[in-house]
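Here the chain labels run A, B, C, D, E and F in written order, and each chain numbers its own residues starting at 1.
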């Protein structure tokens, strides 16, 4: 523990970075928190990987920022293939040196029952890739896979907190996806992921009278204003489309938080 | 962990493979994901084995693709007998070398309490059968039986993920059935089966005011559009019949996901 | 694990065996699955023992088939006494060598804490009795008593699956009763009994606005059609009486499953 | 395990024994099962001890049958004092040798953490007292206190089942009280008490819109007809008074069970 | 275990002792059970300490009976300070030798992880103070703090039962406070506190449509009549004020329990 | 355990300290309890850190009292940055020696699995900072991070109680934030935080029909009157704004508690 006075003298204010996802800049009032970690939680199939991949794709293509994708569960080839129908040409980005996909899914082959795994290997790989590309965005999909590695939730919490620390030190904006088991009730699988991160987005696909309805909610965003309600979204030919149904309230929002 | 750039250069797009189950191609907008793993979850009696067997039967008979059925709980003779009333002549397919039924149910006789079981024996048997028949479809019924073998859910998750990896490497389309205990609430018994697979189908038989209603929902299908709602189905003389009640919305579906 | 091709060549179709319980043949569209295991689950007092005993009694008296009753919890004398009021003269059947009651309740006196109990002793006793009588029906009441013996649910699941295997090998039709703690929610106490058996019947006695209502539901029946709804039943002077309230729908049922 | 044929030849039918509790003979259609164990479950304050004590008091005074009361939680002096206001003169019965109160509450002073307690000491004390008095009724209040002694629910279940066996062998009618934590949901604290006993009565005191309502339900009664509904009761100056609100239905009950 | 016949011959009937809390004598039909233990359960902030302190204060000041307060969680100074606004001058009572506050909160500094703590030290301190003052009332606030000391709930249950035994032997009337986590559902934190005590009072402060409503309910009172409903109460300038909303029903109550 | 008589003779009455948060003095009827610990609980994003920081900021700027902020999860730089948009210039306060931010988040790097962590290091650091600044307010954000350190909830409860003791001995007013997982149901993550503290404030951000609504409730405040209802609040340009919707009832409140 140490006094904090000296090193924080010149405060940099928070900055937002646009995602390019249709409607997201509206509901977040500006995009993701630059240099911070955003958690994307949702049940299986809620669109976590799709959302994170679209942010990554548009950040590279529309903003000209390079990015690193770490996949814990799916194979890189599948990540690429899953967005092919949406016309997002990840292979081109890989060839152009604007994107690196790190395959952490292989690690499951070597994991032992003894629980003293740590994330430092992955962190250093990410560090190298970020340095190599001058990447400004890191996507990690998904924390659920850490289920394999840690028996003790306290250790897991510490490791995730340290992962966030490390990403912050790399000065990248990062997206972490995390699993949950039901649409309402506790936010996250392990019960602490949301507390550890600076921003938290909840994706839902809920069965209402035998119909499915997709929504997105910016659950928390430390340090700034944003909409906090649930907004419906659809997955269109060219990606996610958030319907800013609360748009009428937007003017009002310039003077108050909701 | 390794960089993914080189080996994914020539991306194969996702392809769909028809099942022949009445109504399924409609609600999935094309059938199962070829070369991938589809999880079929449901409570006991919801129709998992029936659905998987019908897909297998029609794939062989209508599409001319050979298949392997791995049974963990029921005896092969019972698998055959259960669909006899539906007129599906599995013995003929067995004789013609178009189908192999592997009996993994016997394994329960030899299992020990010590939890270091792994699925590699089954995987290699499946590999041989697939090679022998040139099979393109593998059905594994059901993961619930692994309940016997693994005390540690983290190990089980890893083993199921590796099983999916192995099936993908065999380049077969596969159907895995898995148990759940209640019609709503958490999707799967162990709380991770749905995250590990590429596609997830939920079967329900729900008691509403003392009447039972069967439904099917394509819960997730990575990488493509599909209907996401619950559709009623019945079991008719010749098999499952999904009622595309949302058919009116189908035109609309060609431009948007639901 | 072994290939299944050769030995299943001559498939015997499923056959039904009538129970004699009023209304049951209607709702099951023919009776119990011959040669298979039917699980009867319900809370305490829901009528499991009564149902199983009535099937046994009528199978002997009306169908002329001998039977074995294994009692895990109650004493044989109590089993007999409990149905005395209903006019079912079990002592006569015992004397005539058409029924044997095996008393497994005594075993609780000798059980040790060490969990390596297995069911092979009971299985071999049942085997002898079945052979002696040429019995075609076995009732086992109830699996709940196994609660004493097994600490590890995985072992218990395996043992119950093996018990079912053994009963099938004896070529008898069997009824197993099992406990549950609440009228709705998970089907069975241990969370797997229903998956292990071929047929599952749920008995309920539910308190609705301070009145009790008894119902029976054929929850699953592998390999054939049946009604799946909840049907009310009463216990009359001469036994169970299921009210086929859905009788009007019966004609319709000849062409579709419900 | 042993064949049951010989020793059960002369079947004694079930007999009922009146309790004297106002309304109870009506709703039970005759009283308690003679020679069997009846479980009385309820939350704290639901009236378990009062009901059991009233049955005991009236059995001695009105039927001329002696009785033994085993108290696990309260002191004998308190058992006596609690019913003083109701005019039940237990001290007189004690003096006249018609009642014995055994104090098992003291045992808590000597119990060790090591879990190998068994109930044989209590059983033999009860046996002596029953023999001494020629008692026909035994009340044991309450099983909840066994919570102290047994860590392993399987052992506890076996011990309670053996206690019931022992009481049956003494040929006494017995009442056991047992705890539950909520008015609805699982019947008993440990999840098996109701399965082990022959008859089960549920007492409730439920808060409905800030008013308390007491009810009694005969949850199960093996081997005979009875009302199964919830009946309101009050505690009057001279004891429990069950309101046979369903009395109109009583005629009907002579031909059918409810 | 011992026969109870001799020593309970001269039965003292239950007596009530007034509390002085406005409305309490009405709803309890006379006050607390003299010489017995009353449990006061409630969530945090429900008013347990306030209620117990008011009973203590009024018992000393209005009834002229001395009292002992044992505080497990708060410091004596805070106990005193918390009721200062209400005009209850505890320091004067302390000076006059009519009240002793025993500070058991200090014990937490010395507690070890090893769970073999027992309450005999506290009991003997209480015994001395009771003897010294000739105290007739003991307040123990609160049992929740025992959470620190006992890992094994069975041991804790036994210890609390023994504490009650000890207090009864001191012939004092006692109030024990205990924690619960939710306003409805299980009565107490550990699931047995209510069974162990002779009387149980539930305090609630419930959020209904964003408004808080305080209520008191006499949940059980062994051996006597009382109101059992929930009564609203407020905390006024001079202490708790229970609103006997059911007063109209009071006449009726003289002939029946509710 | 010790008699409390002598040292509490001169009772200091409770005093309130204003927070400066708009509306808070209204709903609390005067502010925080001076010299005591107030717990602020809420789900992630409910505004715990914001509320605590605003109290700290206004206490320094508006009341001229110095303060110490201990951060367990976020880095000091982030604490500062998060309130920059609100115009609260923490760096100036740090420079002027009116505020110290202690960084306890670093500790996670050194924590071991062995659970014998204690809070004495942090307590002594806080003690030094308080002495150095003559600080009157301490904020600790958040207890949730202790999740890392303690496996045994009993130890954790004791440690938090001792932390509160220590803060009381420093004679500072303190704010502790703590995590909860759902908006209703149990108040706190570990199930005892609310019992250990003198005052408890609950913050909620609840999703009602896809809209989020923020509320604040003073759940308990030992020793004094306050409003107990839920009040809506918003986060405006210059900080939290509690809407005293119950203002009309305020006059009434001067004579009664609610």
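The criterion applied here is as follows: a contact is a pair of C-beta atoms (placed from the backbone, for glycine too) under 8 Å apart; a residue touches a chain by one contact, two chains touch by 3 or more.
Remember, it's a predicted structure, so these values are computed and weren't measured experimentally.
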Touching chain C and also chain E, the following chains: D
Rotation angle (°) superposing Cα atoms of chain C on chain D, nearest 5: 60
Relative to chain B, chain with the most remote C-alpha centre: E
Centroid comparison with chain F (C-alpha atoms), farthest chain: C
Chain centre separation in whole Å, for chain E relative to chain A (CA means): 52
Chain centre separation (chain D, chain E; CA means) in Å: 30
Residue numbers of chain B (touch at least two other chains): none
Circular arrangement of chains, read from chain A onward through chain B: A, B, C, D, E, F
Residues on chain B engaged by chain A in the complex (per definition of touch): 1-5, 7-9, 11-14, 152-155, 157-158, 161-162, 165, 168, 185-187, 191-192, 194-196, 198, 200, 215, 217, 219-225, 228-231, 255-258
Chain A contact footprint on chain F (complex, rising order): 43-45, 49, 73-78, 80-85, 90-91, 94-95, 100-109, 111, 113, 121-122, 125, 129, 142, 144, 147-151, 179, 181-182, 189, 205, 207, 210-212, 234-237
